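I am attaching a structure below and will ask some questions about it afterwards.
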């Protein structure tokens, strides 16, 4: 069994943003030499997501507006108990659960085995600090 | 390490529907000869899901009604920016994030290692066109 | 390829609760002898979740209140069709979809390859009965 581990670092200047990381994952798969296997890609921080969807800016604005509706930002200690600890990012912990922590993608014949529109995104919900994404490739 | 890759194709006639694909996944695991490992099952399209839950028609109606409440269908360009591109399926991209893209299931002693009620479903949120699901088995 | 399968059993006395199971997963990884690989941790019941987030009690209360807002408990047969079958836990099936069924975690150098705050939780949404979690380790 072959394996490869890579870490990506992001520092997003907005509170919420989505960044396409498909190329970085493709590069890690190529570097691993794995022809048949799996690649795990996950946020290493708990106010961020890795997810697969469409690379369409309008859709990303829809995600942002919808997540804000489902779990509004509110730094006050009234709405969220987590924000009584001195934090202001309880909403980001909630948003991340909707979008997910990780994706697992099949590697077939040395490539990400993707449908026509699948792209991998890093989703940031509490930006303005450095955060990491892990890429783990296993297979043969 | 053994591996096996299979693709299922669906053309669902409703906009939203849930289809039990447990048998197809079991067949792929059997065909692979893997006794201990993992199977990844994922939607290859970004307005569909693969998820695990109960095969109970009332619950599926509950899912449909609840998802419609969380992310209502609205083809107009007003509500969703994605629908300004000529698409009408922004809601389907949102619904899919709630239900998830993929499941990873343990294979133990040659079988899906499931609890008593676990069944695998394909969830369609923008039907009436052919779409694919990927099954990737790895292990020994 | 090495593999190891373990089952944890929980009987939570509240309807909804979150329990840190990171130590149990670490112990299984250690026992497996896997240095590079993946560990899958999943709920084996369809009204429960396994997810990764912060071990902060205020946040857990936020999750509980937020999930209750998104998918309120209602045992009556009016709101949820699933509850016309004699069940009262339709809400738990919905809550579990928001929080997810499973996590897949990278094993690097014999350890869970985690960011600074990542902890693994069992999320119960219909407690007061025994339920199981599966841990599957694969790698080398």
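Here the chain labels run A, B and C in written order, and each chain numbers its own residues starting at 1.
Convention: a residue touches a chain if its C-beta (ideal position, glycine included) is under 8 Å from a C-beta of that chain, and two chains touch if they have at least 3 such contacts.
Just so you know, these numbers come straight off a predicted model, no measurement behind them.
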If we look at subunit A and subunit B, which chains touch each of them?
-> C
Interface numbering overlap (same over half, different under half) for subunit B and subunit C = different
Find the geometric centre of each of subunit B and subunit C from their Cα atoms only, then give the gap between the two centres in Å, rounded to an integer.
-> 20
Out of subunit C, which residues touch more than one other chain, so two or more?
-> 1, 38, 70, 98, 100, 104, 138
Which residues, counting only subunit A, touch subunit B once they are in their complex?
-> 1, 36-38, 51-54, 56-59, 61-63, 66, 70, 98-100, 103-106, 108, 113-118, 138-140
Write out the stretch or stretches of subunit A touching subunit C in their complex.
-> 1, 3, 5, 38, 40, 42-46, 70-71, 80-85, 90, 93-94, 96-98, 100-102, 104, 131-132, 134, 136, 138
